[in-house]
Structures are given as structure tokens and as C-alpha cells.
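Below is a structure I'd like to ask you about.
Every chain is named by a letter (A, B, C and D) in the order it is written, and numbering of its residues begins at 1.
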Amino acid sequence: MKPTDMNVFEKLESEVRSYCRSFPTVFSKAIGSKMWDESGKEYIDFFAGAGALNYGHNDPIMKSKLVDYILDDGITHSLDMASTAKGQFLETFNETILKPRNLNYKIMFPGPTGTNTVESALKLARKATGRTDIISFTNGFHGMTIGALSVTGNSFKRKGAGIPLHNVVTMPYDSFVHDKLDTLEYLERFLEDRGSGVAIPAAMILETVQGEGGINAASYEWLQRIERICKRWGILLIIDDVQAGVGRTGTFFSFEKAGITPDIVCISKSIGGYGLPLALTLIQPELDIWAPGEHNGTFRGNNHAFVTATAALSYWENPKFEASISKKSEKTKAFLEKLIADYPEIKGHFRGRGLMVGVCSEVEGFASKVAAEAFERGLIMETSGPEDEVFKLFPALTIEDELLEKGFSIIEESVKAVVGQKEAIAN
Amino acid sequence: MKPTDMNVFEKLESEVRSYCRSFPTVFSKAIGSKMWDESGKEYIDFFAGAGALNYGHNDPIMKSKLVDYILDDGITHSLDMASTAKGQFLETFNETILKPRNLNYKIMFPGPTGTNTVESALKLARKATGRTDIISFTNGFHGMTIGALSVTGNSFKRKGAGIPLHNVVTMPYDSFVHDKLDTLEYLERFLEDRGSGVAIPAAMILETVQGEGGINAASYEWLQRIERICKRWGILLIIDDVQAGVGRTGTFFSFEKAGITPDIVCISKSIGGYGLPLALTLIQPELDIWAPGEHNGTFRGNNHAFVTATAALSYWENPKFEASISKKSEKTKAFLEKLIADYPEIKGHFRGRGLMVGVCSEVEGFASKVAAEAFERGLIMETSGPEDEVFKLFPALTIEDELLEKGFSIIEESVKAVVGQKEAIAN
Amino acid sequence: MKPTDMNVFEKLESEVRSYCRSFPTVFSKAIGSKMWDESGKEYIDFFAGAGALNYGHNDPIMKSKLVDYILDDGITHSLDMASTAKGQFLETFNETILKPRNLNYKIMFPGPTGTNTVESALKLARKATGRTDIISFTNGFHGMTIGALSVTGNSFKRKGAGIPLHNVVTMPYDSFVHDKLDTLEYLERFLEDRGSGVAIPAAMILETVQGEGGINAASYEWLQRIERICKRWGILLIIDDVQAGVGRTGTFFSFEKAGITPDIVCISKSIGGYGLPLALTLIQPELDIWAPGEHNGTFRGNNHAFVTATAALSYWENPKFEASISKKSEKTKAFLEKLIADYPEIKGHFRGRGLMVGVCSEVEGFASKVAAEAFERGLIMETSGPEDEVFKLFPALTIEDELLEKGFSIIEESVKAVVGQKEAIAN
Amino acid sequence: MKPTDMNVFEKLESEVRSYCRSFPTVFSKAIGSKMWDESGKEYIDFFAGAGALNYGHNDPIMKSKLVDYILDDGITHSLDMASTAKGQFLETFNETILKPRNLNYKIMFPGPTGTNTVESALKLARKATGRTDIISFTNGFHGMTIGALSVTGNSFKRKGAGIPLHNVVTMPYDSFVHDKLDTLEYLERFLEDRGSGVAIPAAMILETVQGEGGINAASYEWLQRIERICKRWGILLIIDDVQAGVGRTGTFFSFEKAGITPDIVCISKSIGGYGLPLALTLIQPELDIWAPGEHNGTFRGNNHAFVTATAALSYWENPKFEASISKKSEKTKAFLEKLIADYPEIKGHFRGRGLMVGVCSEVEGFASKVAAEAFERGLIMETSGPEDEVFKLFPALTIEDELLEKGFSIIEESVKAVVGQKEAIAN
């Protein structure tokens, strides 16, 4: 097979393309935490499809189940008709995930992407409360369609709407102003004061750790107070667990350790297990007041993804899985904290939770340079934050220790290289 | 394997589920235009995933390519990084579809669903023109996220938003008021008169045949005049070919025979070939003014779908394919016209174009009853229109003649049964 | 007293000023239908404060009552406290206007301007129905604040908002497309079809004769059908009688001869009688569900205007008043029709009803030139319509016959002058 | 003359009426700071038309000028044509107010009410910057039409809109959370962080002392920082001086002592001097980019009000006027502080600046009871704040010392009475 001409993307694909600019090569193969480009060059993947590949690439068990399913002519596309694959997923998800956590949610398939689940959650919250406003949080990221974009903080993305975005009030996320300032005192004053200009909203929507907004982790205490405030004012709590969920922060749902129970949970990305499009909206049963077909979508039942999603859930049957994530998380945190200490000139700050971590550098442009250097050295890693000020470590939860450490080495070398350039220039 | 309990859907899935209510059985297998439920009962599929399965279920060539790709550990998920599968799709689409039609579009992957492509088209039209309003048409259907929903006509779906929908003006589609009334005279008066309250919009968005809105087909002349009006006023023309495209009306794009060239084309549903989530936004090169990443989405690069989409395009290399669709379309139209003539009591009217056809019955509730009877007899068919007044024939483009005719028989029997019930009741 | 320097306006007043540009002199005195500038030049007023001076300038009876009131230290400003002057106005309005017409309205003082009454009407209609949308009509004009502007058709005024205007659907006014086309057939199709994208609105708002939009008069039959459509769908009917009301079209309310009963009526301009700021919102009693103070405003009770308004209502006690308006209207219409016939080159069309009339000329720029020539000759007259294509005759209802005819002569001379210029240029 | 039946208001006036409920009598006469009802009962006015009667009722010099003007048949109504009265006002305002304060503003007449000037200011700010959002502040009050209401904080008033209010972000006013918390640190973080969800707005709009929102006075330092923040980000600063302006806080403009220069100033209420409707929008010359007639209104030129406004400005020619306000302000503050100290059970806090002051009581319902008791004793006074928790002293700036002190006595008696009731109930 002749190699793909990189020009084909420039010539034929829209200017909107982005990751292929940061990682300018043509990928052809991937297993676990490794990817290969067409020239055979190997890369360690610390990106994991921005959280869509928590189980790594092409997991062999899922792969086998998927191939069998295809060979057997299992239903591929069926909108939201009942199918065997969907039935199995529903039961397995209930048995493996919901029941053991004492959670009782109705499951909605809102279309197979993160923005679909967010849109469905906002609609339902408005319908259930009869209110129009949503409280979102600074640096929250929820999607690119107009409803989800309206609750997204990033000004570049918001401008892309081409219209003013409405029915949303942005409140300060944990530590937004600075670490000492209690942002919830502000929020609650706005709710309490009937002259504040802020109406009691239908819902609050938030990520427990903000993936695109700079890997900001809200403290458990902050999350618990958010839940109490929601309860006090009859506001629905929507946790957008699209990026932080499915184990990324150490537990299946990112909010488990905070001990809170959201009214609605948005899930996508890694829920399909294999990187196939799938999304869920989890709904407290009493809120499940949808009329049939009130929200729909052609690909809301992606049976291939049901097959791999069901297989993926078996990871969660064994408590060792969570333990292994925890161990890797500690190792990663320790590495990053040492890195920050060893290279004070990068003015770095640790960010995140579990395997959703990064380093925020106060040095302008630093994070992007490190990511670029890392790519040269065979490591894929992206940046985050409104100014791309964070380099973001998102290894698969299943990454082998050896690869994880090899990744660390590349990062350290990359940091060294960027620091060195500066010194070279300075001298 | 034990059969799936139908209760699992009632117990665990949200009340929003819909098709599983019309087709109350658990499907497990499908090949071409046949589906089987878990009990082994066979169904003829005249529904085709609402247009997502134009090549039928589990096409053997696509299937084989997909399985090989998976077994080779080809890239599954890669956001919008360059991949071999994506490169091949881009080139093939350009060579097989665009070039032979003298079309020159940049290709955007906006997220894998119809609503994603519509949202991206609206954003881009607003950015490119600096205007905010969009003209949509009565009974247009464009998706369920807030941006796409705002240009969708159906009042039940619109109410689901829970907020007023803005930045849109709905104009009458071809023959909306009645056949004699020229709806474009109205539309153009609104544009001409600077006191009309209707600003020159960023774009008009429309389907050439309205799939959800009642299988209304706009005449070629009407479409040509729409294009001229858009040109006159500097309005971008967006054709939403999500349901009518990819051969459904007889040609790859539904607008080919009208001889028009939209500024932006929205494609999804059958573009993946195999029923896998994929969507394209086709953009006139001079309008491709996106900044990198200004619109994005986790599943915008679904490599499995690229593989099957590329395989599916080979159908279009041979002109016989279009000829065969044409033949089936004529046969279907002839059948429906005879049916309408033979059963005057159903007060039926033929609707549609190509294999996107139906019968609108003036008898309240008739279409739904026929579809229900047909299901009993082993045929899957849905209804359309604001009052579900149309029963809709959407066979795969690849359906065997024998199955097509068998389907016709079932429909006629179903009509007879419903008519008979009425007579029985009347007597 | 030294004459006012015209430069003071250029130097100190905002660029937004407009009429002082069309009528570039400093006015100092006015009685009845005559105005004088500081140099003593006399003008006949065919403008009447755009409908705010239906009884002419400085009516002697009102003047005397007002001066007495002021000299007696009657309450001037009292927000909406009860005052003697307000009590008298309420009773007189009820006795003289409402009762004899079998009308039963609660009276609201929404702030003293037309836009205030429109805003209050829209709010109340939304509150009473729980719906958000309003149907307005092409070339309707309802005011400059955001709520009223959203239902105003003129694109130049709309752009002035600086934001997209929402919650409104513009429908075609009577004869909008052309005389043969029934615009209500169109409107009603949108309401009937649940896929039309147009929701049942809270209200329709319209003028029976459009003052700013081109002196378009809706036929009585059209208004009656509008009322029936509103009743059929439970839509409130708001008549904006700010410009057409208070006798301008021949009866106190402009809708009397159509035999309709609006749910809400907006009144301002001439209601104060003397040209003092005052506005009323008339509300069917069962719709008067305001909470106290839910809408308010500092000048909602302008007692000076109550005094003159009460005096002005005495005109309506004598049926001869309506008869005299009718006679003047006929005379004016006859004059304009002859003018149109005598000067075919102006391609003129008669527009309007009562003393709210004008000539629409198809010749670009003609109306403005005639108005400018008339000003030179001592007649004040303005233009109307989205392209200023209409010259507008708005004499006081009380104008003396002699002055009316003198005004006609000036207009004819002005027309002759403009036509002559053209010919001169053509030769 | 027979007395007015109070029932006429109940029977004929809309339920929206409010002050006539708090002050249930029919007023007929007023001079200076005294009002009389029809029964001849005398009241001291500590309300001053909510700030529209800063010079008291029926000032004899203004009265004489107005009567002369009317008797001379001076122009009453002239839209925005040039008139002698308007020319004199423009010159006098420039000479007496602007020049001595080194201010250079173009003067716009936006319609004669507060909400008109606010709407015009918002439109112009949006036009001048090309941005759509406005930052307003908690408990700000700017008017009842949709544009002004959108920047008003009060939830009861906002709900009255019947539609979601858009294009506004509410930020915390000085001391909103509590005295120790710096609200501008919070505000500026939102502007700095490009992921905050808050775009750089067209303008900030605020009152220096919030009249309706609870007589909250922003510190001069806070106002100066607001101005610096606006300059830093290119945001226009709009001061709404409708209630706090024209001397109410001690200087003509309320912002003089803070040393700031707003880009746009909204003026109404007392500018007319005599309580007649008039409003100004003051605009930095370089921002005066209106097209002629882009904003208009029938009563934007109220010549009677020009006459009295011009006369009223003569108060400002003598520096003793400001000195006298200052003396009265000190006296009033001293009285209120003593009252608070003497009656600790009312848990009172002093609020305000100049003669725009009040007492906020933490005891629920207390302020309303005091106002009711005061009315019984012949003093007119209103309440303020989102929960009516403040009783508000708004005497005319021209009030005689004797009346001021008599008013204080009535207030103290009223406080005593309310405290006594409680004790009586408690015992």
C-alpha cells in the first residue's frame, strides 16, 4: 500500500482540522498505549483520544467480541429499536456499575457524542423545572452545538457560534479567583438576593475535573457544598462526566469519592470502550418525564459500541482495576511534582486528579513547546486551558508501568530541551 | 444465549425511547433488506435506519473490509489526527463523488451525526457573512441540538428545547399553503421590503425532499429559484442532505438534477455505508474560513466508518447503480399510485422522489395503522409528517426486486386490513 | 430676545436628531394649524406632531384649563398616586369614550410614551398566556425600546438595537405581496400546521393603518378575519392605536368601523390633547392580572396631561366632530386622487384612511423632494414608508377649511416644481 | 367641586397601580415640600416623586416661566424640531452644568423617561463597540422596557418580562457579598480569563447610589477602579444618574466627587425641574455615531419641560445651593445615626449619600410598617430594596429646615410606634 500523502489533508480537509497540525504524521496502527505512523515510527500515547481511550487502543477482548459480532451479522444500526446488544449493555451497566454504587438511574441514549448528552440534559432540566437558565462554571467545556456551547466558557469557542449565547449564567469554579477566595459564598449570595439579576436556574452543570479548561479539580468539599446549594434551591445538578468519567479520575464516576448524587449525569467518550461513538444520559427516575421521541437522533443506538462497551465494563468487576489506576496516579503525580521542583524556571503547578493530570506553567507558550518536543521524541500529549498553559497527561488507565515511565522520561527530556532553548537564547 | 427480556428496556431505558414502541421486539440479526428478531421472525426492512442504511444491513464487502481493518489493529479512534483510513476516504470521496460532478468542496468532519453537521454549517454561515439569522422552511427537520432545533419546524420537538428558539425565520416550503400558491413570491417580498421585519439572513437551510416533515419534494424549478434568490441577496445556500443524500432520491446528492450548487452541504446517515456514525460538512473552498479547532468533537474522526464509507463509494463507480435505483423508484411509485387509485377511501396522495416516497392519507390515524399492520405482517415501515399522516417507504437502494415486491404485497394487505376494520366498524 | 443660533443644535445636540434636519429653522410659536419660526415666517402644519397634535397646537380651552391648574398649584408630578386630575380623566374617559362604544377596559398608565404602552401590552400578553412569541406585521412600527423594537419591521431601526431581536414572527400585512394575494391564508396555514416552525403566539400586534410603514390601511374585512383567527387560536389581539387612534382615521379608535374588539389597546400621542406626554394601555378586565408595580415608570402619571386630556375629550361629546373629520377626509382624498390623475408621471397611489393619508410615488426620491419643496413654501409635511416613498398628509382634525385648501395648493405647487425640475433636467 | 371617589381608581385603573395603595388618599395640591389631599390634610413630602421633584413641588419661578410660555403660545410639542425653548435649554445646560465641570458631552433627547435614556445608551454602546453584552450590577434598577429591564436586578420585575432576558451579565456591586469582600477582584478575573464564559462587554451600566435596590452607595474608590477596569478593557462606562443625579447626592452629577468621567450618562427625573417628563443621554462626542433618526420617539422634545428645566438650572449658578444640600445631608445622616443608636431593636444600618439616604432594618417588614405609620402622621416616604427592607428619605433638596425636622420627628414617632406594637404583642 502506498503511503498517504499528508497533502491530501491540506488539500481536501477543512481548515478547522486541528490535532493533525500538532501531530503531523499519518497514523495507521495502534495497540494498547502505542501508536504507529505509516513510516513505522512508534509513539507512546499520553493523550488517549482526549479521554475516549481509557482502555487503550484496540483492546484484544473487545476486539474479539466486536469481530465476532460483525461476522455473525449482528444488528449494526437500529436507531432506538430494541436489540440484543443494547439489552445486554443495559443490563450489564445496571449490574456492574449502577447497583454496586447504589445508584438508580434511567439510561437515555441521546446520540453518540458528548455534546448530544449535554444537550439532552439541559433540555430535560428545563422541562422538569419549567425554568430557562442554567448555571455553568468558568472554564467549563461541554460541547460545540449551540445548547452545549452556551454553557462552555472558552471565548474562542463561544465566538464560533456567530450568535450571542443565552440562558446561562457563568459562576466561578472552585479556586477561580484565587485559592483563598470561597467562590460558593458568591454563588449563594446571587441566589439568595432577589435583586441579584440571577434567577434560580433549572440546573447547574459542571465537570468535577475540567478537562479542556485547564485540568482544574474541584475539591470534594466544594462539590458537596454545590450539591447542598442545589438541594436548598431546588436546582438540578448535572455532572458532565464525559471526560472525567469512566475511571479517568480513579473511580468509574468522577464524583464517587465526593459522595454526591447528581440528578443527571452525562457520559460519553470512553463508555464505548473501544473508541466507538456512544453517549449516555443518566437520569434520576422521577425526572424521566420525556415524551417518546421528544429528543432523538439517528445514531443514538450504535450497536458496535454496545458490544465493546459491554465488554469494557468487565474491567470494573474486579476491584484491582481501581487499585491499579490509583497506583499509576500516585506515580504520575510524584513524577510531576518532582519535575516542578527540579525545574523551578518553568513555574509549574500540579493540576488534576487520578490519571487526569497536568502541569500548568506560568511561562507563556511553555506547555505547547513541551508537547511539541515530546511528539518529536515519540510521545503524544496535548495542552489544555484557555491559554494552552497546561500540558496534560492522559495515559490509558491500562498503560503498562514500563511505558508510563518511558513517557515520563520523554517528558523530562522535553522539558529540559525547552528550558535549554531559553537559556541558549538568554545567553 | 437466553433471550432478552423486553422489560429490560422499560425498566432501564428512558421514556424518551420511541421506535422500540412501534416495533416491539428485540432484533438480533440483519443482512441486506432483512432483519430477524430473537425469536427468528424475519422482517423486510422498508425503513433502512431512517435513511442510514441505503446499502442495506451488513453489506458483505464493507463487512469484510471492516473486519480486516479491525483485525489489523487499524486506528479506531483518533479525533482529527491524520490516519490512513481517513486519507483514503478523503481521496476516494473526491475522486468518486466530487470530481465527476464537477464539485469542489472542502470536507469537514464535524462530529458523527446529522445535528453536528447542521450546527457546523450554521456556525460557518454566520461567521462567513457576519449575520445572525437563518431562513429555514416549514416542516424542515435538521436535528435536536439547540442550533439545529431552532431551524426545525416541528412544534413538539421545538417545545422540547425548554427555551425560546432564536435567530431563525421560517418561510413556506414549496406548496406549503397550497399547490397554486407561489411561496417564493412571499419569500422574496420579505427580502425586498426593508420594512418587512426580516433581515437578509446568513443562510437558507433546506432539504430538497423533507424526510421527517412529510416526504414533501420541492420541485426542481423551486430549488433553482431558491438558488437565484440566494445569489441575488448574497445569502448562503445550505442543503441538508442528511436524509435525502447518498442516493436516496436517485442521485448521490439529492440536488444534482435540479442543477444547483449549494454553498454548504450537510451529509450524514448513509455516508458511513454500514450504518456507523459519520458526518461531513462540504464547504465551498472560499468559505472555509474556520480557525483550527473552532468547531470540534471527540468522534469527528470515526475510522471504522471511514473504512466502510470508502468501500461504499465503490457502488457509485458504476453508472448501473443509479439506473437500478431509478428502476426501483419507478416501480415503487407505480405501486403507490395504483394503491391510491384502488383505495380511494384512504384519500391518499403520492409524496416524494426516488426511493424516498410515501402516501399521505387525509384519513386521520390511517398511516400509523397501516404501519402497525405491516409490522404484524413482517414489514418495517415508519410514518412521517407533523400529524404522522404519511406512511413512508424507505427500502434500501440495494433491495432485491423480489423483496421489494413482497413488501408491496404486505403494504397492500395492510391497507386492506385497515380499510376493512373501518368498514367493519361502519357496518 | 436674541434669535437662537441654529448652530447650537449642531454643536450640542446628538447626531441622532432628525426632524430639525428636514425643517431647518427654529420654531417659536404655534396656534391651531399654524406655526411660526423665530423670523416670523408662518407655516401650515400638515404634520401635527406625527399624530400627537390631532387637536392642533395650543388649543385655547385646554390652554386655559392647564394655566388655571398650574396657577392653583395642582399636583404636577405624583407617580401613580391618586390625584384629582387623574380621577377626572379616568371618569371622563370612561363616560365619554368607553361607555358610548360599549367598551369595557381597565386603564393602565404605563409611562407617558408610545413605546411604554407597547412594552406593557407585550408583557401582559405574555404573562396572561404563558407564551413568549408575538406575531407582528410587515412595516409595523411600535417603538424604539427593545421590546417594542422587536415587533417593528423597519430594518434600519432594527439594526439600531445592536443585538438580534427575538420572540417575534413577522407576518405579511394586508396587501403586502400584492392586492390579489390573501395574506391571511398564508398566516393561518402557519398556525394550523404543527410543523410550520411558528408557535401559537401570545398575541398579534398591529396598527389598523400603518403610520410609519407607508400609510397602509388594512381593510375592515382583513381586520375582522384577524380577530376571528385570534379567537380561534386563543391569541390576544393588541391594536396599537398610538398613531391611528384619537380620531385620526375618523373615529376615536381606529378599529371602530371594523367592528372588532381588541384585547389590549395601546394609546398615546394625541390622548394628552395638548401635545403633552401621556399613554394608556387599555386592557380587557379579565386580562388585568398585573401584580401591583409589576410594570412602573416615573412619569406614568403626568397630571398636566390629565388636565388637557380631559378637556380634549369634550370634543367627542358632540357627534359633529366626527362628521367634520369625515368631511375633511373626503376633501383630502378627492384632492389627492385628482393630483394623482393630473400628474401621471409621479406614478402615485392613494394611501390611508380618514386624515391619515398620503401618496405613494413609484418615482424614487419623489416624496422627499415634494416635502422639501412644500417646506420652502410654508407647509410642514413628512414622508413615510421603508424607502420614504410616501408623502404624508396629517393635518390637525380641527384644521380650518381655508388652511386645508391652502395646504393643498402648496402641495400641488410643490409637485409641479419637482416634476418641472425633472423635465428641465430631461430637456 | 365634589371630592373624587377613591373607588374610581379601583374600578377603572389597572391592578398594576401601586403608590396609590401605599398612600390611599386623593392628592390635589402641592407647594414646595408640602402636599394636600382633597380633604385638606397636609403632608410633608419625603418622597419627592422618587427623585423627580428635587426642587420640590411647583417651584414659583419655574411656574411663572411655564405659565408665561403657555400664555404666549410657545411651541408645546415639536418632536425634535429646533425650537426656541430647546435651544435655550441646550445652551444653558452647556454653560451652567457641563463647562464648569470641564465636561464635554453631546446631548441626546431619547424620549422623556428614564427607561428611554437607558435604552438609547445601551443601543449606542453596542453600536459603538460592535459587542452585544452589557455588564450590569446586582440590585441595579434601570427601567421597565425590555432593554432596560434586562440590566435590572430585581427578580419580580424581571419575571414581568414574560421572556428570558438576554445579553447581560450581572456582576456584584460594591459590598454585595459583605463589606470585606472586594467585588472587583472577582469582576476582573472574569474579564482576564479567556475561559470565563464572560465576553468583554460593550459597556458597564451602574448607579453610583442604587435608588431602588436598597440605597446602596458605592465607594468613590470602587467607582474609580470601575473606571480603570473599563479603560483597561475598552469597555464603555454608562452611569445611570436618573435617580442619583441632579443634585440628589450633593453634586449635580452623582459621580463628580469620585472624579470619574463616564462615556455615557443617563439623566431624567429631576432634570425637568418641575416634575415634567424629560430625559437626556449625554454622550462623549467621539461616541456620537448615531445615524439621524436611528433612535426616536414622539415626546423626545417636551418644550414645557425645556422651559422649566432651563429655569431650574439657575439653582446651580450659585455655589450656596450645593452647600445647603450638604448641610441638610449632614443633619439627616446625624438624625438617622442617632435613631439607629437609640433603637437598637430595629437593627438598623445607615445607607446612602447626600439626600439619598435610608435605614436598612434587619427586622422583617419593619421598614414598610414605619412608612405606613409615617403616612398616618402626615409624612410621605417609601421603601426600597429587594425585600423592601429600607425606609428611604428623599426630601426635596430645597426643603425648609423646619419641615425637615418636623419630618424627622414624625419618623421617630413612627419608629417608636412600630417598636411599641412589637413590644405590646410580645408582652
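Basically, a residue touches a chain if its C-beta (ideal position, glycine included) is under 8 Å from a C-beta of that chain, and two chains touch if they have at least 3 such contacts.
No experiment lies behind these values; they were computed from the predicted model shown.
A.B. asks: Hey, which pair has more contacts between C-betas, A-B or B-D?
C.D. replies: If we tally the C-beta pairs in contact for A-B and B-D, the bigger total goes to A-B.
A.B. asks: Copies subunit B and subunit C touch; is their interface built from the same residue numbers (over half shared) or different ones?
C.D. replies: same
A.B. asks: Roughly how far is subunit A from subunit B, centre to centre by C-alpha average, rounded to an integer in Å?
C.D. replies: Between these chains, centre-to-centre, one finds 31 Å.
A.B. asks: Could you give the separation in Å between the centres of subunit B and subunit C, each centre being the mean of its C-alpha atoms?
C.D. replies: 50
A.B. asks: So how far apart, in whole Å, are subunit B and subunit D when each is placed at the average of its C-alpha atoms?
C.D. replies: 58
A.B. asks: Could you pull out the residues of subunit C that touch at least 2 other chains?
C.D. replies: Subunit C, residues with two or more chain partners: 132, 156, 163-164, 166-167.
A.B. asks: Can you tell me which positions in subunit B touch subunit A when the two form their complex?
C.D. replies: The contact residues of subunit B facing subunit A are 1, 4-6, 8-9, 12-21, 23-31, 35, 38, 49-53, 57-58, 63, 66-67, 70-84, 86-88, 90-91, 93-94, 106-109, 111-116, 119-120, 122-123, 125-127, 132, 143-148, 150, 156-157, 160-163, 166-167, 202, 242, 268-269, 274-277, 281, 283, 288-299, 302, 304.
A.B. asks: Which bits of subunit D are touching subunit A when the two form their complex?
C.D. replies: 132-133, 136-140, 151-156, 158-159, 164, 166-170, 172, 176-177, 181, 185-186, 189-190, 193-199, 213-214, 385-387
A.B. asks: Given the complex with subunit A, which residues does subunit C contribute to the contact?
C.D. replies: Those in contact with subunit A are residues 163-164.
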